[in-house]
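As written, the chains take the letters A, B, C and D, and residue 1 is the first residue of each chain.
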Amino acid sequence: MEKLPEHEADDHFHDECGVFGIFGRTDAASFTTLGLHALQHRGQEAAGIVSFDNGQFNIERHVGLIGDTFTKESVIARLPGDRSIGHTRYATTGGSSLRNIQPLFAELDGGGLAVAHNGNITNALTVQRELQRQGAIFSSTSDTETILHLVALSKEANILDKFSDAVRRLEGAFSLVALTSKKMIGCRDPLGIRPLVLGDLDGSFILASETCALDIMGARFVRDVEPGEVVVITENGIDSYFPFEKTEDTKFCIFEFVYFARPDSTVHNESVYAVRKRIGEELAQEQGVAADIVVPVPDSGTPAAIGYAQSAGLPFELGIIRNHYVGRTFISPTDHIRHMGVKLKHNANRTLLEGKRVILVDDSIVRGTTSQKIVSMVREAGAKEVHMRIASPPTMSPCFYGVDTPEKSKLLASRMSIEEMEAFIRVDSLSFLSIDGLYRAVGEAKRNNEVPQFCDACFTGEYPTRLLDQGGSDNVRKLSLLTSNS
Amino acid sequence: MEKLPEHEADDHFHDECGVFGIFGRTDAASFTTLGLHALQHRGQEAAGIVSFDNGQFNIERHVGLIGDTFTKESVIARLPGDRSIGHTRYATTGGSSLRNIQPLFAELDGGGLAVAHNGNITNALTVQRELQRQGAIFSSTSDTETILHLVALSKEANILDKFSDAVRRLEGAFSLVALTSKKMIGCRDPLGIRPLVLGDLDGSFILASETCALDIMGARFVRDVEPGEVVVITENGIDSYFPFEKTEDTKFCIFEFVYFARPDSTVHNESVYAVRKRIGEELAQEQGVAADIVVPVPDSGTPAAIGYAQSAGLPFELGIIRNHYVGRTFISPTDHIRHMGVKLKHNANRTLLEGKRVILVDDSIVRGTTSQKIVSMVREAGAKEVHMRIASPPTMSPCFYGVDTPEKSKLLASRMSIEEMEAFIRVDSLSFLSIDGLYRAVGEAKRNNEVPQFCDACFTGEYPTRLLDQGGSDNVRKLSLLTSNS
Amino acid sequence: MEKLPEHEADDHFHDECGVFGIFGRTDAASFTTLGLHALQHRGQEAAGIVSFDNGQFNIERHVGLIGDTFTKESVIARLPGDRSIGHTRYATTGGSSLRNIQPLFAELDGGGLAVAHNGNITNALTVQRELQRQGAIFSSTSDTETILHLVALSKEANILDKFSDAVRRLEGAFSLVALTSKKMIGCRDPLGIRPLVLGDLDGSFILASETCALDIMGARFVRDVEPGEVVVITENGIDSYFPFEKTEDTKFCIFEFVYFARPDSTVHNESVYAVRKRIGEELAQEQGVAADIVVPVPDSGTPAAIGYAQSAGLPFELGIIRNHYVGRTFISPTDHIRHMGVKLKHNANRTLLEGKRVILVDDSIVRGTTSQKIVSMVREAGAKEVHMRIASPPTMSPCFYGVDTPEKSKLLASRMSIEEMEAFIRVDSLSFLSIDGLYRAVGEAKRNNEVPQFCDACFTGEYPTRLLDQGGSDNVRKLSLLTSNS
Amino acid sequence: MEKLPEHEADDHFHDECGVFGIFGRTDAASFTTLGLHALQHRGQEAAGIVSFDNGQFNIERHVGLIGDTFTKESVIARLPGDRSIGHTRYATTGGSSLRNIQPLFAELDGGGLAVAHNGNITNALTVQRELQRQGAIFSSTSDTETILHLVALSKEANILDKFSDAVRRLEGAFSLVALTSKKMIGCRDPLGIRPLVLGDLDGSFILASETCALDIMGARFVRDVEPGEVVVITENGIDSYFPFEKTEDTKFCIFEFVYFARPDSTVHNESVYAVRKRIGEELAQEQGVAADIVVPVPDSGTPAAIGYAQSAGLPFELGIIRNHYVGRTFISPTDHIRHMGVKLKHNANRTLLEGKRVILVDDSIVRGTTSQKIVSMVREAGAKEVHMRIASPPTMSPCFYGVDTPEKSKLLASRMSIEEMEAFIRVDSLSFLSIDGLYRAVGEAKRNNEVPQFCDACFTGEYPTRLLDQGGSDNVRKLSLLTSNS
């Protein structure tokens, strides 16, 4: 009996990582645990925490949810110290390989260095091949290990300069949190593709992917780490450096607003919930249709559905109920039952839907398999008409910046017209938000087609960096699997 | 480090059980697994499944969620057969005592009998003492074992008559599903306090606590099992008996509508979601207040909040975001952090709430501890005013019919006036739905104070049965703890 | 991949149980853990401990070795009190059914009663059928539950009389340790088939299957509990009762000396090690053969081999080395490897055996499968001649007194002549000890064929009791499987 | 409650590792599992296996015994391929750090390389510091990682030359088994301190620490890998190289004969059992004493006790019985019981010992704590005299070649005279084997004090290599702890 393939179970793009760090606070690892719990939506497969105390780095890596693994007293007891960083991860490859759980740690000439990374380095393999030719050994398949090597090999004199030297060699998306015995370092790539925020808990600095990781512990949001900025936190406070060539032309990932970030987070200085509601409003303006009720596909479609309903003057109703007890590892018991179309995760609110013209609002369509099931369920419950409204433009291209996406040929919108998609998912009508509508929702007048204000490559295919590792025969990373237990 | 006391973690009444059975379908235990998964909200602590196959009863009992325990291939493989019943349970006592996990099973003179029970037998201890004096031995502390003894000791000739004989001895609330080698039996107490529905999956009969357990597998809802009815399902079909004295005066638990049942279920012939929305509408009519937005305490307050917002013409907004990754076993890592007011489960949607007059809608208040935290969080997020509206009357009295409630002295409403409660939870105003408003929401003109149409003892203190075990010194059941692992 | 069938893995009769109890000593359950650890050889499948403290019985049951399960702090912490009994068990049926792990416990009219049992009640099914017809329910398949019912149903006034009343109804072998809130009771059947000893730890009384359970904690051996004796231990000391008809004609199991008991134990007032050495001496006298070395099949054949070597004046040598890391659950990794004749447990000491005439000494032969493998291994290592000497007579008949034996048709000696067995296990000669030789080793002049001094039914087929349950169609006990985990 | 410190539980030197590899055999990892099981005595803490199949290395690392971890179907299924190496390890540092479980694996310029190591590289830290200064990063604290770096950094053209280049840089003891996609490599340091044997299973080559790992699967012993030899096994067969300067002056560890190797193994071309018996004979000749019986401290003292008894003409008797169910993780339940002198592992055979003059034979004394307990137990059992005879010279100095030994100041013999030791362990007499006696037992006329034939540094303090890492402040390796589970 197999685990349901992730994309059948949940037809979404998946952000691969969340990062967190705190410096100068007793029981730092406990706070890291809380922070990673708040960032759990950015990666549910595995997590790791490093702390430093009394001359020694302590490292724990566990497969599973934070709330199941890092909350054990024995685990936390092995992570003493007042400085700690952590990482939660979505496994892009089949196995849950412990070797790749971050933060990665190594002993360098100058002492230990731990690094946690959200994003993807698009020239990591190219650099790795070059380093291997010089005699470097790689014990993980993570692009993060490349960073450790670059720091170790830098000819600069001190760790900060080595670190800056190293990150200048990188291309792609990287929001990094690193820890040495004396410093916590945060860094965002010059385009600022992935988020990274700076917070403050009664005088202790925090770095985190999203503000919700500050809220959980009552920490104050200070500001975003800037694109291209390196912040260095020590016992003496915080310093800021800009080791990259300056560019005004940043490229925050617009899909963070569509789906990745939590609705209660503020990223790129915008409330995610507010943006999603505006997306729903734009969608109602652009793609209105006569209907009786507006129903979200829970939970990711809910804010846009509220915005849609308010803008359209239609009732917002919970026509689909989500069973929150279903974990991602639920296995339907036997094959013949699995293929019955069992409703493990969602159930239609039959009494409500019967005889109604329904507008279904979802955040995006990837392969379309979940949409098919949802629509079929809504129709069986007696809906008279089903109109699907998608709170983003069609996703046409894979992401190479730290998001797990299927290859282009499996993206529904890249292989079907709107009409074909309507037939495939069996709706009366299907509409997507326009790219300009999406830009309006995030506060722009429209997309600047010359110099887009965001990374929107998944919608437009326009990648803001070159994709060095994608050329040649190295473009599929060979993985040597390593698993372990305690 | 201790597990958070349940009532701190989640300040609600808790239904103690869900029951499910299916007869005449290959892989019956797999369907029972699905059914119990859909009923997981009725009891998350432990579950058991019995199947019968080839002359033998097979029994599995596990502590934990269905999706974590019964979905293992090895577990399901030990439960062959085309007839199966199951039970999911909320532990009312401290330990997760395997001995009390239902269905209970015993070998009787006429063969094996398994029983799963939702409710509480209010004369169980009294009967148990009497049976012990006659030489009966009890190996669990469950009132369900009393039923097994009564069946075994009945002088009637066949299992059906023995069963009828036994249930006539019982007082209180009981929705039972039982299995012998040849029969599946369903039974509801004459007052029909707890729900039990009859379903049909392509010709195989199903018994379940709620209709959502039918929906998950695409089964058809046939009808409620009637109060006082015994249904007997065999290979020849279904028969119906009424072994109790007839009464028109039934007493369905009105709190099932307020909180216990899933919103997508139909119980007592009413859509739970529709009733909850009407509750919100009644609340808006009775307890309106000037405000900017209506915010539910998720997830249980959501349908009432939608009804309230629609009725009041105010925007419905997600002002509180729930972290669905938090399990009930999440332990905050260290004591001093636990007492920091960590927001493991809920976070305020700060940008939305800032400067607003907020109507918070929750389904009920038990101890008030969660409400205090929620309100404090909403205030810290900048809300200008907080008005709390509760979608039920004040809960004043404990339940003795299969619901876990604190003793009377710990119920906030039984020890404080409205004004005191407003001060305690620090809101600008607090209002509850009236008892008549609640009756209107479930379709009655008003409560018939002579002969109430529902059991509403938790609001009114009027219990529809005598409470025999509550008298005398036997009213606290002594528990001998038994735990095990594999 | 299957677990190796037990009898392939280890071709022995298996005692089914060890029992232990201690009264009046703080942390009684910790001592019970130690006692059961010393008795682990009497049952490795599962164990249970009951303690009584502060008005409440506490029960833990676990599958696995004592040293792996009951030594966890959390487990011991759930077993407070100064009185405790325990049981370790060899599962006779396929599953490791938690339901059957002893001690069994029930609430009776007069309070709780826990019972741990070593032996087998040969009329248990017959009594169970009769009790079921009177309305008793059975929740285990253990014969021990019958005892609980008989106590509960006794018309006597107090627990001691009820207990005596109950055990008088039993036939077969039973060494019992029972616990009520105020008393620890020990009882041996009138024939004294299974051992039970009384010990003293600084004034606290102990009951245990063997003296090695006293030694482990430095307790003093007081005396055997007598056949037919009931001892009752309270805070006031110990009392002794003889509720059965007196008989001088007791029947201690002679196989306890051959294999079951630990060599460092004293049972039936004889040192087990000394008896086994005398067995080896008798064997050398009766069945001498010209050879170079005497080699035990470790570990059970070792004392007899030492006795043989000393008596024969031949060198005792470790020609077979046992790998003590192999647990009983070792699974050879893949089928084709399992069938290669992998030597997981034993290895030949090649250099020693090469070119030698070897006398192999083993305690008994059951199916002969292990002997075949051992001999083949010794031959491959270069032994010139292999003479097998068995330290007991041929085992011809199954045991019905608490020992797991294959049915008669699978016992090698019951279906082959000595010559056929020699060919089957491929030895140059095979000899067994005579029945009189065995009696001499335990201190008798010879077997009294009129009234045998021991139970030797496995060698002679003469059972000292009737075997009521073996008649009729009830002779195979139907098992309803119940398993659980925590 | 703490785990018993290893040296209290078992007062022995501990070999740190066993290695195994097989090339060219379907299901290679299954055979590696068997081989490691046979080598379990060389390291019980954790184990790892690497296999190569279909372009990919597969790696599993687990804490615990082989029979508990690597025999799971799911684990073996993740290790496909016809070439595999493995390692079993005794943790020298407190934690069971997964990071240090071997084989270590890294991707190098030329492909993947896995290395398993038995021994200790005495200049590893010195080399590591040098490599770190050149920019190398270290992710484990194992000296084995140094080897991977040296191979990666070698300027030689092919893997074999790189490997030879690397091992020439190493000092100390190293028996290595390495795997690339196309080759299995075995290597012994020029002094041949640790054993490594070559075997053959129907045409597939095997490398293993001891011959018992060949016997378990019926493989043929071919020969020892020579000191200073590198063997390279490919699909074309085996090649042999000698990259080190030639020396006749090898230094096999003489303690392998005393305790480390299994008695059924042949190491350094001698039967371990035969050597141990000769040790016992020498001991009887050198240190005879009037007594009634010779009793081994089981199991390690048994062969020497047999030799002693045969030489002295005294009866060999099992005066101490070992409980083989006790694992190394047995925790005595509560503190006050732990300090009672509980006999978890050994019990005296009271009846046998009473009134006797006893010669106790043990293999060695490290701290003396176990000897104290054993002697006390034997005296309490009634022995009249206790004479302890040790089957090796006094251990005076720590080992730096892959053996876990306490520091010099904790070795009993380094801080007490014989008379003081006699008083400390409370024996009537204590004698050790002379160093020449030990050399005679392994076939030499006497120790050549100019050029000792073996490494006997633990007895003599004469180390056969310089100990580079022991100088300066780097001599304590700082450990960053990393633990994980699945």
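One rule holds for everything that comes next: contacts are C-beta pairs under 8 Å (C-beta built on N, C-alpha and C of every residue); 3 or more make two chains touch, one makes a residue touch a chain.
As the structure is a prediction and not an experimental result, all values here were calculated from the model.
Asks: Just to be sure I understand the contacts, which chains border both chain D and chain C?
Replies: none
Asks: Rounded to the nearest whole Å, what is the centre-to-centre distance of chain B and chain C, using the mean of the C-alpha atoms as each centre?
Replies: Roughly 48 Å, centre to centre.
Asks: Mind checking the centre-to-centre distance between chain B and chain D? Centres are C-alpha means, answer in whole Å.
Replies: 60
Asks: Would you give the residues of chain D that are in contact with at least 2 other chains, written as numbers and ranges?
Replies: Not one residue of chain D touches more than one other chain, so the list is empty.
Asks: Just say which it is for the chain contacts: an open line, a closed ring, a star, complete, or other.
Replies: Its topology is that of a ring.
Asks: Which chain D residues qualify as touching chain C in the complex?
Replies: Touch residues, chain D against chain C: 1, 27, 29-31, 33-34, 37-38, 40-41, 44, 65-68, 70-73, 76, 212, 215-218, 262-264, 266, 271, 273-274, 299, 302-303, 306, 310, 315-318, 321, 323-327, 329-334, 336-337, 340-344, 347-352.
Asks: For chain C, which residues count as touching chain B in their complex?
Replies: Residues 55-63, 69, 78, 96, 98-99, 101, 104-109, 112, 132-139, 148-149, 152-154, 478-486 of chain C touch chain B in their complex.
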